[in-house]
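Please see the structure below; I have some questions.
Letters A, B and C name the chains as they come in the text, with residue numbers starting at 1 for each one.
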């Protein structure tokens, strides 16, 4: 009776043994978190309510002043716009490319380990090298990209010098660099699908496309959600790629939120303001990720119930 | 019992005393020199350590000026900066204004003060007093490809001397070699993007035209004057009217021989250009207009640790003395700091054997450093964006400069506020 | 009649495979090009590196560039530092991650979901605003310039937990129940049932963790002072200079720095097992 009432109120009975084990298992991670992550995390929140120029210890309190300035700051909104454009392109492009690669390199192909390693190479190649080579390829006059376009009769744009095309070049480079990484994640997921499903389908006479659509993709939902959440977090936080390739230009057309935050914090010495920007970004990423996990991963993924 | 304690105490004190006298002071030193410059720099430090057994300098390369800055700022914020570090000249006002570094005004002797060129003391000063010790400085020069000059029928030993010359020469040097309608060889190149520091290249043109960045007491930005707009217009015309300069400079255009002239730092001569080019390299002073002037950038020593000041001073004095500076300038291409270096036999011989190095030294008398105010960093970004808009985006110079000026003035106000705190 | 259909199907599937190879090879060329450029450049001399006439191959193979790397920086020591740091972090995160992921995926306790999302959320705050307070913290703990500064904060991390949890969620409850009936405690279930089943995920996590800890740059730069503590990416940066980088030697150093990761990846990939055998289900 009591348990029925409690259940209807949404309370669950927790096995006390489970709880004890859970806390024991979480202990190592919790210690590291509390000692090394919690302090910087909350300190930056504290900073966001103050003004601080790094060079002096003086930190005048400004309450929500930084946040108010944010909303009136056109450069901030420009950064938001740029980040959204970049993220949309990177998330979609990378997810599709890496999924396609994983499906191609999953089975039934000789030398797939070779190909997988090759496609992983951009992931390990240093960003410095990537920036040099791609800036070279995208050079408007002498670079490979425009030379190839010329062959099919198109006069290529100024790429990294053009406010319209620089973002495209960045997204392209990003997809190129990161697809191998997510390909590996998809592969791990694909290998987790039991053979038996496909055997049954073949008995029923399903062809390749049907197998893909009705078995593979639905069973990859959780992995896809994982990939998209990771891509979201990483795309919204993009910094180094932009810094090295365009510096936020030309004319602020590729300045993303973290690049803007860095400029404010470390170049203009407004660390309090930078922290406020970071916290707004954090809130946004959190909301979007929660939404993605719920929506794409399916209900189970969002609240983690077992079968 | 008491006697024994007394003996122990006395002997301990004696031992401490002996140790104190023979103590070596360790000086923590951070710098931004990597690559070949780094090697040369570290070699000098090693030499210092060998000749000064009582002072050991522990040097550390802290990365490019980008990441190194993060490290330095973090250390300052946490109250544990290095004892001494080498910084770019535009850091001096900020570090001095916030009381982070030690004022060196009273520690520099008259001989040094007279020997080092006044130009360098300007960057080292804040509000009229010396806060840093100059170490390395460069100015902008015009590099040119003598082979391409000869090909275009120009005398390789007569570089352009005025703005008009520059346009004329560049037009002869800009060619469409294969007739496909696209220019394959450019006359001139310089950075056009804010992130590549385009403002540094605009400034000499501004000054040569009689313009200024700020008014006399640095309370207002005046770059949108007629002179300023004209200077920017000139650069823009090079790209869009005369079409001798690309809006998108190819990265290694000059070195690979596709661009005939370039304006760049004199410090690139020995390490960056000479070993890498396959043509005959020419170096000339910048072309002039109403005035003859070029801009300088520099690196200076700043001291953080009061307790080790004596050791620090010994170190920086040695690194900038006549002997060390002579070998440093010769191997790198930086301008000599001291008159005595320029006049020395060794350096004169070097100039004779390397005519390319003459241009930068020749320009010393009309080299100016950038304004030494705390707000300069932020303002240079604002103006840099405007210049980029004009050069890459082909926007109207008057318009972009006037909006840059209103933003710059706001920044000036803000910095005034901040410094009051 | 049957053989005609079979032949048709065979030709079609052979054609498909051919197309697959074509796509993959051209993609591979595009993908490998920068890496190839890096490799080839590491054998060039200083005047050959940037020409617009696209000379890909060096005119003279300079192996001496690789020797110069060892002369310039204490490469051996840094390599060792990087290995120690990366291995410690990788092993530790796989262990702490497995424990925490198990708790979040298969156990029920009050506040579980809130705690998980809160933990996950810490990944979302940009590193740039955490670097100064982290430095302050480590300085207060007197850990600056020690191996501890490079490893302690990373012994556990939300990414590993997140990654493993997704995989743990997919293990069928029936298997776990079977193990429980056999009298296994949670630890045994975790290490003897779940871990073998999610082997691929662990391999992947291992490679990824190894890779990012190997490539960490800003953190080791800020947290270390002495050359002897430096890791490889920081050492590599020493080849760069504002006014003239010896690109060839830098590429040589980059190749050396990247080689272990590629090796680790290749080896891990070969051990990926295909599908999981659900012996438990059949009964």
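To be clear about the criterion, a contact is a pair of C-beta atoms (placed from the backbone, for glycine too) under 8 Å apart; a residue touches a chain by one contact, two chains touch by 3 or more.
Computed from a predicted structure; not experimentally measured.
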Overall pattern in which the protein chains touch one another (line/ring/star/complete/other): complete
Pair exhibiting more inter-chain C-beta contacts, A-B or A-C: A-C
Chain whose average C-alpha position is farthest from chain A's own: B
CA centroid of chain A to CA centroid of chain B, Å: 39
Computed distance of Cα centres, chain C from chain A, in Å: 16
Residue numbers of chain B (touch at least two other chains): 70, 73, 77, 250-251, 258
Residues of chain C engaged with two or more neighbouring chains: 50, 52, 132, 136, 240
Per-residue multi-chain contacts in chain A, two or more chains: 54, 136, 142, 266
Partner chain C, residues of chain B touching it in the complex: 28, 32-39, 58, 60-65, 67, 70-71, 73-75, 77-78, 80, 250-252, 255-256, 258, 265, 267-268, 271-272, 275-278
Complex contacts: residues of chain C adjacent to chain A: 17, 20-21, 23-24, 27-28, 30-35, 37-38, 50, 52, 54, 95-97, 99-100, 102-110, 112-113, 115-117, 119-126, 128-130, 132-134, 136-137, 152-157, 161-163, 165-167, 169-170, 172-173, 186, 198, 200-201, 203-204, 207-208, 211, 215, 233, 236, 240, 251, 254, 257-258, 261-262, 265-266, 269-270, 272-276, 278
List of chain C residues in touch with chain B within their complex: 46-47, 49-52, 72, 131-132, 135-136, 139, 144, 217-218, 221-222, 225-227, 234, 237-246
Chain B-facing residues of chain A, complex: 53-58, 60, 135-136, 139-142, 158, 161, 163, 243, 246-252, 263, 266-269
For the chain A and chain C complex, residues of the former touching the latter: 12, 14-15, 18-19, 21-23, 25-26, 28-29, 31-33, 35-37, 39-41, 43-44, 47, 54, 101, 104-105, 107, 109, 113, 115-126, 128-130, 133-134, 136, 142, 144, 176, 180-181, 184-185, 187-188, 191-196, 222-223, 225-226, 233, 236-237, 239, 258, 261-262, 265-266, 271, 274-275, 278-279, 281-282, 285-286, 289-290, 300-301, 303-304, 306-307
